[in-house]
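Dumping the structure here so I can ask a few things about it.
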Amino acid sequence: MYRYVLKRLVLLIPVLLGVSFVVYTILDFAPGDPARLVLGSKSSEAAREEFREEHGLNKPFVVRYVSYVGKVVQGDFGKSYRTGRDVSKELLNRLPATVVLAATGVLFAIILSIPLGIVSAIKQHSAVDNVGMFVALFGITMPEFWLGLMLILLFSSFLGILPSGGYGSFANLILPALTVGMPCMANLTRVTRSEMLGVMREDFVRMARAKGVAKRVVIMKHCLKNALIPVITVAGLLFGTLLGGTVIVENVFGWPGVGAFLVKSITMKDIPAVMGGVMLLALLFSLVNLAVDIIYAFIDPRIKAEYSNRRSA
Amino acid sequence: MEQGYPELRIEDLNVVYDTEYGCVRAVNGIDFSIRKGRTLGLVGETGAGKTTTALALMRLIPDPPGRVTSGSIELLGTDIMSYSEREMDAIRGKVVSMIFQDPMTSLNPVFTVGAQIAEAIRIHKNLDAKAAMDEAISIMERVGIPGERAKEYPHQFSGGMKQRVVIAIALACTPQVLIADEPTTALDVTIQAQVLMMFSELSKASNTATIMITHDLGVVAEVCDEVAIMYAGEIVEYGSLEDIFDHYRHPYTEGLFASLPNLNDRNARLVPIKGLMPDPTALPSGCHFHPRCKYATKLCAERAPVKTVIEQEHYVRCLGYEEDAGVALEGFGNK
Amino acid sequence: MKMSSLVMQAVTGSAPAVDLHVYKKRTQFGEVWRRFRRSKGAIVGLIIIALMLFCALFANFLFDYNTEVIEPNYDEALETPSAKHWFGTDEFGRDVFARVVFGARLSLYIGLTSTTSALIFGVLIGAFSGYIGGRFDSIVMRVVDVFLALPSILLALTIVAALGPNINNLILAISIANIPYFARIFRAEVLAIKDKEFIEASRALGANRNTIIFREILPNCLSPIIVQASIIMALAVIVSAEFSFLGLGVQPPTPEWGCMVAGARKFLLSSPYLTIFPGVAIMLTVLAFNLVGDALRDATDPRLKH
C-alpha cells in the first residue's frame, strides 16, 4: 500500500511544477513596472533600477522562474510589493483560517449530502426525493456571494441569531462554512443519488437479495461501498471548487483567510503575493486529491490488489 | 420412476411490467411443478419470459415496473406469495437459491469472494464470521476453487471461476430448490461443459429440485429430466426429456430442433424459424405463435389454444391438437 | 452525415444499408427530443432562457440605456419596489428592473462568448490529441492535467490578476479556465469512436485527417459536448457575477448582476431588494442552463433508456 502512496506523492511533483510554471508565466504578462508600483512614480530611476536588480527583475524569464521555484522549495515566496513583508509569513498567518473554513464546509457537505443522496435514491420519485433534488438544484445555482448575503439577511439581520462576520468563535464560522459548503453539498447529493441508483440496478445487488440478504443491508453494505468510490472522487474534485469558493466567501464575511488576501493582492497588483496565494491553494488542492487517491485505494480492491500483488510477485 | 413430493409447484403465474410503451405481459398463466432431485428445463428464445419466471419464484421481480398479477407459488407445500419481505429473506438462499446468467456482474467487486460466500452462510446458519468463512472455503473447494483464493476479489477471477463462485454461493446452504438462469451462456464453450457437469453432479448429490433456464437444447439434453418450452410468456409444450426430444408436438418445438445442426445428416440445411419474437406490448391475437408458424390457419389468429394432453405429463398448447378446431398440421415432422 | 452514408454504401455495396443508417440517425434524434421534451425541468429551463434572451435582445426597446440605466437620478434614490419601479431604485436612483434587464444582455454575452471559445479550442485540442495519439497526445494531456490541477476559479483569478479587471479579460479568463474540461471530454469521445468501422471505412476511402475529425467524428460526439457546454454556460454566468462582485470583472456603473450586488451590499439591511433581484436573475439563468443540461444528459444517456 505505501508503495502506492509513494507513487502518488512522486507524481505530485511534476504537476506542482507545471502549475507553478503556468501561474508564473501568466503573471509575467502583468503589465506595469513593479518598481514604479512599489516605489511610487516620484521615485528616481536609479532607485527603481536598484529595486529591479534586488528582485532579479532584469534577468531572463527562465532564470527568474527557476530561481523562484528554488526559493519556493525552501519556503520563500518572496516579498510582498504592498507590505514589504515575506509573502510566506503573510500566507501562513492566514492559512489556518482558510483551512478551518474549507474543512468545516467539506464536513458539512459530506455529512448532509451522502445520507440525503441515499434516501433520495431509495425512495426515488417520492416527496423526500423531490424536495432533496429541488434543494440540491438550488444549491448548485446560487452564486456563493449571494447565498452568503441572503444567509446574513436571514440569520443575522432578520432572526438575529448568528453574526454576519468576524472571526474567532464557532458562531462566526457557521454561516461562512454553510455558504462555502453549499455547492459542494448540492453536487454531492446529486452524485450520491445517481450513483446509488446506478449501483442498485446492478446484477450483484439482485444476487445479494437472492442470497437472503435483507434489502436494508444490501443498500447500506453492498450498494453504498460501490457508490462511494465515484462519490469520493467527485468530492475530491469538488474540493477545488470549494477552495475557489473560499476566495469569494472570505470576502463576503470578512474572513481573514488566504482568499481575502489573494483578492486584495490582485486589486493592488501585488504579483508575488498573488503568486504565493495561488500556489498555496493549488498545493492544498493537490494534497487533498492525494488524500482522496489514498482513501480510494482502501475502498477499491482493484487498486489495492494491484499493489499488494506486485509486491508479492 | 419414483414419484417424489413436489418441492415447488406454481399455478397460473402472471407477471406484467408497466413500461412507458405500454403494459408488457411477460409471463401469462404458467404452471409446472418439480420434484426432489429432478431437473426441469425451461427453454425458449430471449424474451420468452424465462428469467421473469425465475425472478417471480424468488419474489425478486423489480416492483415497479413489474407486478405479479395472479398465481400461486407453493414451496415445500406452502404458498409464498403472501410471505412478508422478512420471511422471504429467510428462505432466499436457504430453501430456494438462484444462479444468475452473467457471472461477470453477479459478484460484488468490492468484497472478497470468500466474504460473499460466507455472507449467505452467516445469514442462514447463525455462525460467527470465522466459522462461516471456514465453511465458505470448504464449499469453494467443492466447486473446484483452491481455498486460499477466498481472500481474492472477483476481478482476479476468470469468467468460469466466477461462475463457480456464484454456484458456490447458491449451493452454500444446500437449498431444496435451485434456479439456474443460463448458468453457462456467458462462458467459453470449453468451460461450459466443465461447469455444467460440476453443477449437475452437485445438485444431484444433494437431491435438489432444479430449474434450468436455457435456450440451448444441448444443455437440456445433458441435464434435464423434464422440459418446458416457453414462447411469449406461455409454456407451449411440456413433457419429459424423451417426450420433447423424440415426440415433440408443437410447431415451435419443431422449429427449435430444425434450427439445430444435425450430426447424422450433415447435408441437411438449417431451417430457421421465420420472423422475430412478437412485440411484448402487443402480442398477436389467438395463438401468439401464429404469425411465425408455417402451419397457421385463419383460426389460429382468432382462437387461443388451450392445454391439450398428449399422454400423461406431456401436453401441448396448439390448435392442431384440439379436436374441434379442425386445424391440420400438414407435413408436421417431415424435415 | 452525407459522408458516412456514402461510406456505408461503399462498404456494404448495397442501398438498404444507407437507408438503415439514415433511418437510425433520425429516430435517434427524435428519441432524444422526445425524452428531452418529457422533462418538466427542461421546459422550464427553455422558457427561462427564452425570457432572458428576450431581455438581452430587446433591452434597448424597453429602457433607455443612458438615462435609465447609467445616469444617476438622486431624486428617486433608494425607492422601494413600486408600480413605477418594479424592482425599486438603487442609491443613485437608477431603476433596478432596467438594470437587471440590461444585465441579462451582459451575462448572456459573457457566458456565450466564453463558453463558445472554450468549446472551440477545447474541442480542437481534444480532437487532434485524441486522433493523433501517441507522444503528442500524452504531452497535450499532461499539459491539460496541469491546468486541471489548478481549480478553475484560481486559474481565472490568476489571468485577471495579470491582465487587469475588465470585461474582455474576464471572458478570456473564463474561457481559458474551461478549455481543459472540453479538451478532456472530447478526447475521450474521440478515443472511443476513432477505431469504429465507419471511421476505418472513410480512412480506407482516402479521407484525410481533418475530414475524418470534423465530418465523421465530431457529428457523432455532439451530445456530451452540448451537455458540457450548457453546464459550462451556467458556470460562466456564476463566475462572471462572482468576479464582478469582487471587483475583478465588469466595473460599475455597467449593470452587471454581480456588480449590482456588490454595490447593493452597503444597503443589504436597509434595502435588501437591491441585493435580492439581481441575485434572483443570476440564479434563474444558472438554473435554466442547469435544467437544460440535466435534461439533455438524461435524454442522451443510453444507460437510462429502460
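Here the chain labels run A, B and C in written order, and each chain numbers its own residues starting at 1.
By our rule, a contact is a pair of C-beta atoms (placed from the backbone, for glycine too) under 8 Å apart; a residue touches a chain by one contact, two chains touch by 3 or more.
For clarity, every value in this text was computed on a predicted model and none was experimentally measured.
Setting subunit B aside and leaving every other chain in place, the chains that still touch one another form one piece.
Set against the C-alpha centre of subunit A, every other chain centre is closer than that of B. If you average the Cα atoms of subunit B and of subunit C, the two centres end up 51 Å apart. The distance from the centre of subunit A to the centre of subunit C, with each centre set as the mean of the Cα atoms, comes to 23 Å.
Looking at the complex, you find that subunit B touches subunit A at residues 55, 58, 60, 85-86, 89-94, 97-98, 100, 102, 105-112, 119-120, 123-124, 152-153, 155-156, 166, 169-170.
Every residue of subunit A that touches subunit B in the complex is listed here, in rising order: 202-204, 206-215, 222, 225-226, 229, 299-302, 305. Residues 14-16, 18-19, 21-23, 26-31, 137-138, 140-146, 149-150, 152-153, 157, 198, 240-241, 243-245, 247-248, 251, 262-263, 265-267, 269, 271, 274, 278, 281-282, 285-286, 289 of subunit A touch subunit C in their complex.
Against subunit A, the residues of subunit C that register as touching in their complex are 142-143, 145-147, 149-155, 157-165, 234, 238, 241-242, 245-248, 258, 261, 265, 268-269, 272, 275-276, 279, 282-283, 286-287, 290-291, 303.
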